[in-house]
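Each of the next two complexes has subunit A plus one other chain: subunit B in the first, subunit C in the second.
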Partner chain A sequence: MNALYLAFAYLRYHWARSLVLVLVAALIMFVPVATQTLLSTSERALVARGEATPLLLGSRGSQLDLTMAALYFSDERPDPVTMGEVERIWDSDLGTPIPLHTAFSSGGFRIVGTTLDYFDFRAFTPAEGRGLSLLGDAVIGAEVARALGKGVGDSLVSAPENLFDLDGVYPLEMPIVGVLAPTNTPDDAAIFVDIKTAWVIQGIGHGHEDVVTAADVAAGTAALANAAVVQYQRITPENIESFHFHGAQDDFPASAVVVVPHDTRSATILKGRYLDAEGPTQLIAPAGVIQGLVDRIFRIKSLLDIVTAIIALAACAAIALALFLTYRLRAREIATAVKLGARRSMVLRLLAAETVTLLLISGGIAAAGAALVTRNAETWVGWLLALGT
Partner chain B sequence: MVDIEELSFAYGARGFRLRVPQLRLDDGERVAIVGPSGSGKTTLLNLIAGILKPDGGRIDVAGTEVTALSDAAHRRFRARHIGFVFQDFALLDYLSARQNILYPYRITPALKLDGAARVRAETLAEACGIGDKLDRHPNALSQGEQQRVAICRALVTQPRLILSDEATGNLDPDSKARILDLLFEQAGAVGASVLAVTHDHELLPRFGRVLDFAQFREEAPLP
Partner chain C sequence: MRELTVRLGAGLLAGCAAFLFSFSAVEAEDRPRVVAVNAPLQYFAARLLDEGAEVEFPVPDGVDPSFWRPTIADISRIQGADLILLNGAGFATWIDRVSLPRSRLVNASAALKDRFIVTESITHSHGEGGEHSHEGLASYLWLDPLLAVAQAEAVAAALTRKGLAPGDAVAARLAALRADLEALDDAAAAALEGAGDVTMIATHPRYHYLARRYGLSISALEWEAGAMPSPEDLATLEGLVTQTGAKVLIWEAAPPAGAFAATEALGLQNVVFDPLARSEGPFIEGFAASVEALAAAVRAVAAN
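Here is the complex of A and B:
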């Protein structure tokens, strides 16, 4: 106890030096544990998202781009598939197709146009408000609500993709009708709208002053609207009837289609139908794509581990040098202690107590940090994964 | 108190040699050791304290033949019966004056830190005029105050013998006499003998006896 008392008094008196040593030692212990925890949680989260999405239909091309766009709402933009492909799945009666349109964003968050099946598929729970019911409605994820400080009753405006593309994307104001409970998945960082709303943003559908009636347009008997016609940038109960779409819905685009097969047999049959390498579409199992990505990340991680080990070794050597210099500085104290009658073991205890006290304090800090990371790993990983979108 | 007979010690084959045929220090006596630098004054203190082991002869302190003790027993004996005062005070910068005085109790199980020891430390500090400075660290004390703390540390264990190695060497002339008088006064209060190495010849009249150490030094034989 006396050795610990003296060690603590020494560390307290030289508090700045002690603080640096404690923090460096704590970091050496904390960083590998925190990295490992976050990586393994990331792996679980990535794989879980992949495994929770049985099949993904999209345009033929990079499977990773398709997966990242459909599961993580990333910036990748795979070539769109037509809604005709969605109808083809429905007609096969082998599974439920859920189209996703992820081309637009608002406030830095991805606008995901989809159908109500997506809400059932992901088992979303509203924390506030209701689900999608009208054209133009938006339901936002928990992270969007937190970051933008918005809730039910507020509205969002889609970001114009090209200000000078007069034929194309106009900003659309969308009322927020619901906020989802946190899921610690990329869904937290998404703005969900009906896929028809996404088509309105894209300019495929629009509403404008009643130069001609919607019935005329549908019948193909109306004159084309000219530039003087005012297009609505907000869908309201008063103007919703004026919104209409041009062309056949089967030709409308979707970024990807989540396919939920009815059973294993249906999944196998569906996969078989998209095996043709020359076909315009592909049906993939995202879990396999994600696992390949995770394996690649963990191969890089092993390199990172080596770098971390080398840095930790260098930091340990620096700490050892600092302690050695401390022992040199305390040589006079040791000589005094010996003259006053200290035993050899006491001298060793005096020196060891300082090191042990330092390590105990550092270990405590590192353990507290590791516990904090472990407790919040899922939330932080969800946020980190959402950063890429 | 101290009885030395036929003591011999040498630092290696070519170093200086010390030979003390006989030296006696009575209970409560105050003896000064003078002599040129390198004559072995500090070596004698270290031999009496058991820090150095003699090549031959016998040292008896307070009725115990210390030359016959094991290393561990030597350290216990030193902690219990001998107080040290050093020229450089040897205080620890990270401890307060109070904890510096009680330091001997922190480093050896031969001494037990109890309430009586704490009261003794405060009483000594009051007697030495530093009672109101016990919570200060050494760097917040003057040289004289630091040496007073060192004297309190030497006396707090109630030793039988005080070994003082140029205890006033770092002090100004006014402080030297005051500190030495204080050391004698406090040593007298606990009945301790004082054996002091000093270069301050103006202080010698204050000692009961003065020992010129040049007589004990022997030059190593030429090869």
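Here is the complex of A and C:
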């Protein structure tokens, strides 16, 4: 007890040196633990996103591009598949296909055109407002709301893909009708619209002045308009009836299709139908693609582990050296103590108490830091992953 | 004392009523909910489910279901249904402008595409996109009872697939419904035998499938249902009568008093044939009554 008291008094007297030693030791303990926690959380988050998405249908090409576009709404642009492929899966009754149209963006965030089945599939809950109801409605992720400072009642304008594209893509103003609760997934950084709204942005569907109305269509009245006809760039209750689509919906595009098979047998049958390497489409298990990517990334992690271990070893040696030099500097002080009657064991106990006290304080600080990281790892990793997209 | 007894009794009764009401409300909430975009589909679903589910037709009274515009509250209620029955063939244009869960949508005429009647298509152009066409489809499929059978079969398959009713029970009810619709078809064919010789005009283009099924010759106007025809409308009708030699005018809803006299002056027999898209009564009885009225008009023409 006396040894601990004396050790603590000594460390407090030399507080600056003690503080440096404590912080260095705490960092040596904290950094590997925090790195491991964040990396394993990242790995789990990455793989979980893949595992939560059973199958992905897309145009034949890079599986990674398809996965990144459909799961992380990245800038990759896989060739589109037609909605006819979606109908094929419905007709097979082997699973639920959920189309995703990710070709457009607004305010730096991807516009994701989909069906309400995506909301059920990901179990979204609106934190504010309501879900998609009308053509043109937008529901934004929590990160979009935070970054753009927008909420229900505001609006977003789709970014024109090409300023010189006079033919198709008109910017569309979309009212924000809902904000999703945070999910710590790439969905937080997405702007969700009905896929029909994405087709309107693409120019496949549009509304314009009364060239043709529903009544005209029913009546079979011929009409001819020209380039001067004003196309609406905002869908309102007054003009929504004029919006219409051209062509057969089976030919309309989707960037990718999330496929949720009814059971393992259905998944196997579905996979078998897309094995033809010459076919225009592919059906992939994104979990496998992501696991491959994660494995590749985490091969670098083992290198990082070795570097961390070497640095930690060097830091430990430095601390040991610092302590050793401290004891050398205190040789006269120790000799005086021995002359006053202190036994060698007493001196050793005193030095050990100092070292243990230093390590305990360092360990406490490192443990507190590690607990903080562990508690917030999912949020921070989600934010980091969203930042990456 | 007597007053106290009466009060206690009334309170007890009110309590029981409240309990029963809350119980039935909970039961209604627990039952699956099916929404249909027109009355025939509602009728088919209700017969196939018996009392096993709540089958709704959300269009308010007096509104044409083809051109209904649902409110946000309506859309929200429809989105929450376990199954949403669509007619297909371009019926109910509002479905193209609202968000509905595809996994709960059933197009009752998805298998009937090769039997659709294509009305005149429109070609137009705007912007730099070049010309494109809007193809019109006749959408009142149920006016051919055999197509109605096919729609009922599609509804039955969807109900079974979704597990909203036991498959064997649905199959038994479908067999009964099919028998009723086939009997209806036989009766209509018998009643309208020879009616193809009488040219008819309809106040609205609703009867393409009826005409095709029973070999009728029906031209169509674009009059508003249940409205008094204007002098211009009557002039158009007169021109069409001269052109086609029509003898029967089919109204989709009874017009105001005086309308029949105006058209009778043009030598036309008037008949109200409810296209049943939003009929209040049972589909089979409604269809049979309309066919009988049409057959009576044809007989009257023949008698003259």
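By definition in this document, the second predicted complex is superposed on the first by the 337 of 389 C-alpha atoms of A that agree within 3 Å, B and C clash if a C-alpha of one lies under 4 Å from a C-alpha of the other, contacts with A are read in each partner's own complex, and residues count from 1 in each chain.
Just so it is clear, contacts are C-beta pairs under 8 Å (C-beta built on N, C-alpha and C of every residue); 3 or more make two chains touch, one makes a residue touch a chain.
Just so you know, these numbers come straight off a predicted model, no measurement behind them.
Using the contact criterion defined above for the overlaid structures, shared-chain residue A:Arg130 touches subunit C, although it does not reach subunit B. When both complexes are overlaid on chain A, the residue A:Ala16 reaches neither subunit B nor subunit C.
With both structures placed on the common chain, the touch criterion links A:Lys196 to subunit C but leaves subunit B unconnected.
Applying the stated contact rule after C-alpha superposition, one finds that A:Ala331 touches neither subunit B nor subunit C. When both complexes are overlaid on chain A, the residue A:Ala277 reaches neither subunit B nor subunit C. By the touch criterion defined above, A:Val307 reaches neither subunit B nor subunit C. If you count the residues of subunit A touched by subunit B and by subunit C, you find the higher number for C.
Within the superposed three-chain model, A:Thr96 lies in touch with subunit C and out of touch with subunit B [touch as defined at top].
Comparing the two interfaces of subunit A, the one with subunit B and the one with subunit C have no residue in common. Within the complex, the subunit A residues that touch subunit B are 2, 5-6, 9-10, 12-14, 332-333, 335-343, 346, 350. Taken in their complex, subunit A has these residues touching subunit C: 90, 93, 96, 115-117, 120, 130-135, 137, 166-168, 194, 196, 203, 208, 211-212, 214-227, 229, 231, 240-241, 243-247. By the touch criterion given at the top, residues 49, 51, 72, 75-80, 82, 84, 86, 90, 92-95, 99, 103-111, 113, 137 of subunit B touch subunit A in their complex.
Partner subunit A is touched in their complex by these residues of subunit C: 67, 69, 72, 75-76, 79, 93, 96-103, 119-129, 132, 134, 136, 161, 205, 222.
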